[in-house]
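Should a chain be cited, it is by its letter among A, B, C and D, assigned in written order, with residues numbered from 1 in that chain.
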Amino acid sequence: MSVPALEVRGLVKHYPGVKALDGVDLVVHQHEVLGLAGENGAGKSTLLKALVGLVTPDAGEIYVRGEAVRLRSVVEAANHGIGMVFQEQSLVPNLTAAENIVLGSEGPAVRRGIYRWDAMRRLAQEQLDKIGSHIDPLARTDSLSFADRQMVEIAKVLRIEERSQHPPVIILDEPTSVLESKEIETLFAQIRRLREFASVVFVSHRLDEVLDVCDRVAVLRGGQSVGEVATAGAVPGELHRMMIGSTGSDDHYHENAAVPVTAEQPRLSIRGLSGSTFHDIDLDVASGEIVAIVGVHGSGREDVCRALFGAEPTTAGEIRMDGRKVDLSSTRAACAAGIGYVPAERKIEGMVGPMSVADNMTLSKQQARCTGPFVAPRKQAGLVDGWIKRLSIRTPTRDTAIGRLSGGNQQKVVLARWLVGGDIRLLLLDHPTRGLDIGARSEVYRLMRELAGTGVATVLLADSLEEAIGMADRILVMTDGRVATEVACPNGGKPSPLDLVKVMV
Amino acid sequence: MSTPAATRPATVSLRAGRFTGFMPLIALVTLMAALTAVDPDFLTQRSLTAALRTAAPLIVLAAGATLVVLCGGIDLSIAALASLSTVLLALWLPDLGGPATPAVILIAAAIGAVQGAAHVLLRIPSFIVTLGGMSILSAIALVVSGAGTVRVVDDSTVSWLDLYIGGFLPTSAAVAILLVALIALVLKVTPLQSWVSATGYTESAARLAGTPVDLVKIGVFCLSGACAGFAAVMLVSRQFSGGPTMADNLLLPAVAAIVVGGTAITGGHGSVWRSLAGALVVTLLRVGLPIVGVPSAYEQILYGAIIVVAVALTLDGSKVSTIK
Amino acid sequence: AVLTGCSEESGGGTAAAGSESCESSEVRLVGQVRNESNPYEASWLAGGDVFAQSVGLKQERLTYDGDSTKQQEQISQILAGNTKCLVMNVLPNGDSDTAPIVKGADQAGAYLVTQWNKPADLKPADHKTWLSHITYNGIESGQQIGDALSTAIGGNGGIIALQGVLDTAAAKDRFAGLEASLAKNPGVKLLDQQAANFSRAEALTVTKTLLTKHGDNVKGIWAANDDMALGALEALQQAGRSGKVAVVGIDAVPDAVSAVQKGDMTATVSSDGTWQGGIGLAIGYCVATGKLKVADIAAGNRAFFARQFLVTKDNAAEFAQPKANPADFECGNVFNRVAGPLT
Amino acid sequence: MTVATEVAVAPRRPSRRGASLRDAGPPLALIVIFLIFAALSPQFRSADNVRNIVDAAAVLAVVTCGITFVLMMGSIDLSAAGVMGASALTVSLLVANNRNDNDFGLLGILIAVLLGCAFGCLSGLALVLLKVPSFMATLGVSAIGLGVATLMFAGVQPNITDTMLESWAIERLLGFSYLTWIAVACILIGWLVQRYTRLGRYAYAIGGAEEVLTLSGVRVKPYKIGVFALAGAFYGLGGVMVTSQLGAGLVQAGDGYDFSAITAAVVGGTLLTGGRGGVLHSAVGVLLVMVLTNGLVQVGVSPYWQGGVEGLIVVAAVAAAVIPQRRRNQVVK
C-alpha cells in the first residue's frame, strides 16, 4: 500500500484535570473515508484540532505523507494540505460566500490588501463548481440555507487543494448533526466524490451514517485508540461496544419502558394556533404521551415549539393546559404554567456557559432551592447533588462551570432544570440529542420515558426520523407551516421512515 | 449560526482564579504605596479620611451602575440623573424637609425604571436609551433649576451624611460601603445573582430558562437610578446646594471605577465589591496625582496610562471570552 | 458610633486664624483653576507664580478640568494635609461650589480668597479666614460692550447674543447687562440668543446657523466672552461677512485684544487673569504673615468688584501684553483695584 | 457592552445582498425630519442653510467615518476628544503660527494626522496586547491625548497664520467649503476601504464572527490595531479641520465629538455589536444629527431644551428603526 496520507503516533494532550489524548495512533490512507467514533469527550475533536494546528500536542508525532511535521497554525496545516470543517459551522455570517471560501488564503483575490472582487468570485465559483453547488458566490452567507452553508464550508476546505501539491486531507467534525436527512444525502454524495482525489476523516455520533459513508472506522475511548473496524458488513452494535467498552442495550429507545397512554382529558390542547411561519395548528397531547413533530427545514415546527413556550408571537389560536386556558405571552408565563423547553442551540440558548452546574440546574425553578425569598445553599446542594446522581451527570463538582462539561452532560443538566421543581407538566424538546453520543442519547431517551411514566406530556422535535419513530406515541407531519398528517406510532405498530418521508414532501 | 470558540480557554488553575479576585485590592494598595512614595505626607489618617469622604458618591453611583453592566447593558444617564436629583432635593428640602430625601431617591428610581422599560420594550440598546436620557435629564435639570444653582439654607436633614463616625470615618463613606454590602448580600442570598449573571452572560438562554429577564433589567436600571438619587443626596449634603450640572462629570469616573474593578463590560462577570475598590482607585488617581504635585498635563497622561494598566491587571481574561 | 461634626476631630486645624502669624517661609500657596489649557486660566496661574516668586515661595498649581466634584475632592484633600499657614486662591467652578470650599477652609483655618463665583447670600464678612471675594461686575461689562456694540452699528439694527454656560453667574450677569443696554438703546433689536457655553467651537457653529437664520439682519454679535467672540469672527469669515458685522466680547484675552487692535472686533472688557492669580495669594499671604489684620480689612474690600476697562481700538495697545506687576501685590496695594463693593 | 445581537438561529428572513428594508430606515428618517423642519421654518429650507448644515457636518463626518470602522468591529472608541486635541495643537504649532517659526504647511498637517494614527495604534495595542476592553483603553488614550495637548499648549494659544489651512474653512468650491469636500473625500475613501480592502472587510468580519477568522488562520490582532490606527488618522484629520475652522489650536478641539460621532453612527444604522452598518450609513447619521441641531435652532426651540429634544428624537429614531427587526427572544444589550 502507498504511504498513508496522514499518520498520528502516540499523540498526547493534557488539559487541567483531563487527559484528552492519551497516546492516540491513527492512520489515514489516501483516497479513503475514515470514520472516527467515540463517546462525547473521547477526544475526537481534540485529535482533529491537533491535526489542523489549533491544538498543540504535548507529545507524539504527526506525519504527513510519511514526513514528520509540526503544525502550529491552521495556515501551516493548510499548506500541508490538511483542512477541517468544524463541529459547529464556522462561517462569518455577514460576509459573502465567496469571501468565506477564500478567507485566510485569498491568493490572487486580494492583492496588497486590495480586494479584486471579480477574481474572488471566480475563485469561489471554481470551488463551488467542484462540489456542484449552484449558489451565488456573492450572496451573504447568512442568507443561505443550512445545507448551502455546509456546502460553502466544504468549498472553503477544498481551497487547500490549491495550496499544496498533494491530495488534500479533509476533516469533517460532526457535519451532519445540524442537517436534515436530504441534506445529509447531498453531503454524502460530496464525500464520495471527494474520495476520488482526497482523503476524508468523518466524525458523527450517528453510527449508521458512519458505517454508511466510511470505508473504515477508528474508535477512540478515553483519549486512546481502541481499535478499528472495516465498515463492510459491520453493525452499529459492534462499534458501540468498542466505544463504551461493554455491550449496549439493544433496546435503544427503551420501548419496553413506554407506558400506554390513557386517553382522558388532554394535557395540552391547541386549536387554530397561527404565527408568522405556521398556520392553524391543532394538537392534543395527553398526559404521559410523547408526540413527535417531523418536517423539513421551513416546516415551521421549531416555531410552533417556541410559540408554545411563549418565545415566538402568535397571531391566533388558543392554548389549553389540562383544560384551562393559558396565556403564553412570555417564557415566564409558560414556565409558570408548568411547561419546559429544551432548545436546540444548547450553547447560546440552552445554558449559561460560565455559570455553575448547580446554578444552571436551578435557574428556572428558583423556588426549589429557596426558603421564602432566600436561597438556601444546603437545600440547593442537596437537590442538585440528588439530580446529578439520579441522571448520572459526570461533573467534577456541582460548582463546575457547565461549559466545561461534555455535551451530553450539559444536556442532562438542561433537562434537569425542568425537573427539579417537580411541577413540570409539558416538556418541549427541540433536538434534545443533537451532538450526543449513543450512550448519552440512550440516557436521554430513558429519562424521557421515565418522565412520560410520571405523566409528563412531551413534544419532541427529533434529530432523525428513526428517533421520532422510536420515541413517539404519535407523529405529526408538518409541511409549509401546516399539519399535513398525523401518524399513529404505537409500540409494535411503528411506521417505517419511508412511510413518513412519503408524506413529508 | 453558531461558531466554535477558537480562543483556547485560558488554563488558569483555581488558585490563580482566586488570586484575580484580589486584583482590584492589589491595584488599590499599589497605587497608595506609589503615591506615598512620591509624597510621604499623603499617607495620613486625615488624608485617607478625606479620600474616603470624596469617594462616597462615586462608590454609590458605580455600585448601582455595576448591576446594569452585570446584566450586559450600560447606564450613561447616572450622572445627569444625579445632577437633576440634586436640583430636586435642593428645591424640595425647604418645603418637605426630611421626606425630601426619600422622595428624590424614589423619583430617581422611577426615572431609572422608565429608561429600563424603554430599553426593554422598545428594544433599543441601553447605550442609546441612556445617552438620550442623559440629554433629556440635563435639559429638565436646567429648566427646573432655572439654569442656576439652588442653594440649601437649612441642610439639617441631610447634614448627617457629612459627619464623621468616631471622628475619622465619614458617614457618607460608611453609608456607601453599607449600601455596597447590602446590594452584595441581597444578590447573594436571593435568586437575583443567578438572574443577573444569566442575563449578562447569555440573555437568550436566560430568557428561555424562564428567567424574568425584562423585569430584572428594569429592576437594575431602577436601582441604578435610585443609587444616582442617593449619590445626589450625598452631594447636596456636601455642597449645600444643588446644580443642574453638579454631578455630570462623575459619569466617566463611575464607568472607569466599574471597569477598573474588573467587572466585564460585556456583562455577567463582576461584582459590586470590585466596583468599590475601583471607585477608590479612581478617586485616588483623581485627587492623589495633583495633590502629590504632578503637573496638570502629566496628570492626565498618567491617569490615562494608569487606568489602562489597572484594567489590564484586574480583568480576569479567562472569564471573558472575547474582549471587544 | 459616635457622630461628630467634622470641626474638631477631623478638620483638625489647629491653625491660625488670627492667633499667631506665620513665618514667610512657612506659608503654603495654592492656586486652583479649571485647567491649564485655556489662555485666561493659564495666565492666572502664571500670575500666581509671579507673586510666589516675589516672596520667595512656590505656588502649588491645581486644576480640576471644570469638574465641580473634582474641585471639591482636591480641596478636601488639600485641607486634610497641613493647613497651618495655608493660603488658597480659588476659582470656584460654579456658585454652588463656593459654600463647601468656604466651610472646609473655615474649619481647617486656611486662608481663602475666592473669585468670580459665589452665591449672593454667602458673605466673606461672616467668616474668619475667607478673606475676600473678588469678581468683575458682569452686569456692567455686559452693558459696556452692549453699548459699544450699539454705537458700532449706529444705534440701529439686529444683533445676536452668544450666552455662556447657562448656569453660571457670570453668564447670567453679563446677559442681564446686555438686556440693560438694550433697554437703553431701543433701536437695537435682539434677534436671537443661544448658549455656546463659553466655547470657541460651539460659538462657531451656533453663529453660522444664526447667520443663515437671520441673514443680513445681523448687524452685530454680542458674546459673553472673548473665546466665543473669536469663534463668531471665524464664522463671519467663513460666511464671507467679516468686517460687516460688529463683534464684542469680554475678558481681553490676547487674541481678542489684537483683534480689537486690528479692528476685527469692536470691543472687549479687560478682566486681568494675571492680576487675579497673584492678588488672591497676596491677600492671603499678607494676612498669614500678619502684615494685614483681618479686622483691618474694610468691609467693602471683603467682597469687591475689581476695576475693569473697556478695551477699544483706541486703548487696545495698552492691554496687548498682560504682565503681572509685583508692585500690585504688595500688602499696601492689594486693594488698589477695588472698583466698589459687591452688590 | 452595549449590543443588539440577534440570537443565532437558522436564517428566518433571508436577506439578499444589496439594500434591504432595514437600511432604508435612517435615510427615511432623515427625509422626514428634514421635511418637518422645512415646513416649520422658511429659513431652514433656504439654500444657504442647507449649505450651512452640510458645511457644519464636515468635521463630524470625518470623525464618524473613523469611529464607524471601530464600531463595525464591535469595539467602541472614546478617544476622539483627546486625539483631536493633540492633533489640533500639533498642526497649529507646525504650520505657520504666532508661537514659533515653523511653517511646514502640508507636511505639518500630515504629521498631525500621523500622530492621530499613532494614538489609534496605542488604543489598539492596549486592546490586543493588554486585553483591556476598548471602552477603557480608548478612554485612557483620550486622557493621554489631552495631556499631550496641554503640554504643547503651554499657556499660550497658538493661532495659525498658514493661509492654506485657513483657506480650507473659508474658500468655497461649488458653494461648499473645502472642508466639506475633504469630508466628502474621506467618506469616499472610507467607503473604498470598507468595500475594497482587506482591512475594511476584516473589520466587518471581526464584528460578525471574530472566532471564525482565527479558525481560518487569519491573525486578527494586526487588523484590530490597524482599524484603530485608521480611526485615529481620521480623528487626527478632524483635529486639523477644527483648527482650520477656529484659526487656532485648541486643547478642547475635540470636545463632545466622541459621543456625537457614536450617536451619528448608531442613528445611521451601525450596530454597536458590530458586523453591520458602514461609512455610508454613518454619513446619513451625521446629516440626521446635524439637521436636528440646526433645525432646533432655526425653529427657535429654547436653548435650555435643545439637548433634551435632540436626545428624545435620537431615541425615537432608533426605536423606529428597530421596529421592523423586533423579535421575541431577541437580545438587546
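Here, a contact is a pair of C-beta atoms (placed from the backbone, for glycine too) under 8 Å apart; a residue touches a chain by one contact, two chains touch by 3 or more.
For reference, the UniProt names are A = Sugar ABC transporter ATP-binding protein; B, D = ABC transporter permease.
Keep in mind that what you see is a predicted model, and the values were worked out from it rather than measured.
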Open item on the list: Counting C-beta pairs in contact, which chain pair has more, C-D or B-D?
Closed with: B-D
Task: Centroid comparison with subunit D (C-alpha atoms), farthest chain - done: A
Open item on the list: What's the distance between the Cα centroids of subunit A and subunit C, rounded to whole Å?
Closed with: 71
Task: Inter-centroid spacing, subunit D versus subunit C (mean Cα positions, whole Å) - done: 35
Open item on the list: Rounded to a whole Å, what is the gap between the Cα centroids of subunit B and subunit D?
Closed with: 28
Task: Rounded Å distance, subunit B centre to subunit C centre (Cα mean) - done: 33
Task: Multi-chain contact residues (two or more partners), subunit D - done: 7-8, 146, 150, 209, 211-212, 215, 304, 329
Open item on the list: By the touch rule stated above, which residues of subunit B touch at least two different other chains?
Closed with: 1-4, 6, 142, 147, 204, 207-208, 296-297, 299
TODO: Indicate the residues of subunit C shared as contacts by at least two other chains.
DONE: 35-36, 166
Open item on the list: What's the complete list of touching chain pairs for this entry?
Closed with: A-B, A-D, B-C, B-D, C-D
TODO: Note which residues of subunit D are touching subunit A in the complex, please.
DONE: 7-12, 14-17, 195-199, 201, 204-205, 207-209, 211-213, 215-218, 275-276, 328-329
Open item on the list: So in the complex, the part of subunit C that touches subunit B is made up of which residues?
Closed with: 1-6, 8-10, 12, 35-36, 60-63, 65-70, 72-74, 76-82, 94-97, 99-100, 103, 119, 121, 165-167, 169, 172
Open item on the list: For a test of understanding, state which residues of subunit A touch subunit D in their complex under the given definition.
Closed with: 54, 73-75, 78, 86, 90-96, 99, 103-106, 110, 113-115, 117, 138-140, 142-146, 156, 277, 297, 302, 306, 310-313, 331, 345, 348-349
TODO: Spell out the residues on subunit C that touch subunit D in their complex, using ranges where they run on.
DONE: 35-39, 42-43, 45-46, 163, 166, 192-195, 199-201, 204-206, 208-215, 230-231, 234, 237-238, 240, 253-255
TODO: Over in the complex, which subunit A residues touch subunit B? Could you list them?
DONE: 15-16, 54-55, 86-91, 93, 141-142, 149, 309, 311, 330-332, 334-336, 341, 343, 345, 347-355, 359, 362-364, 366, 369-370, 373-375, 417
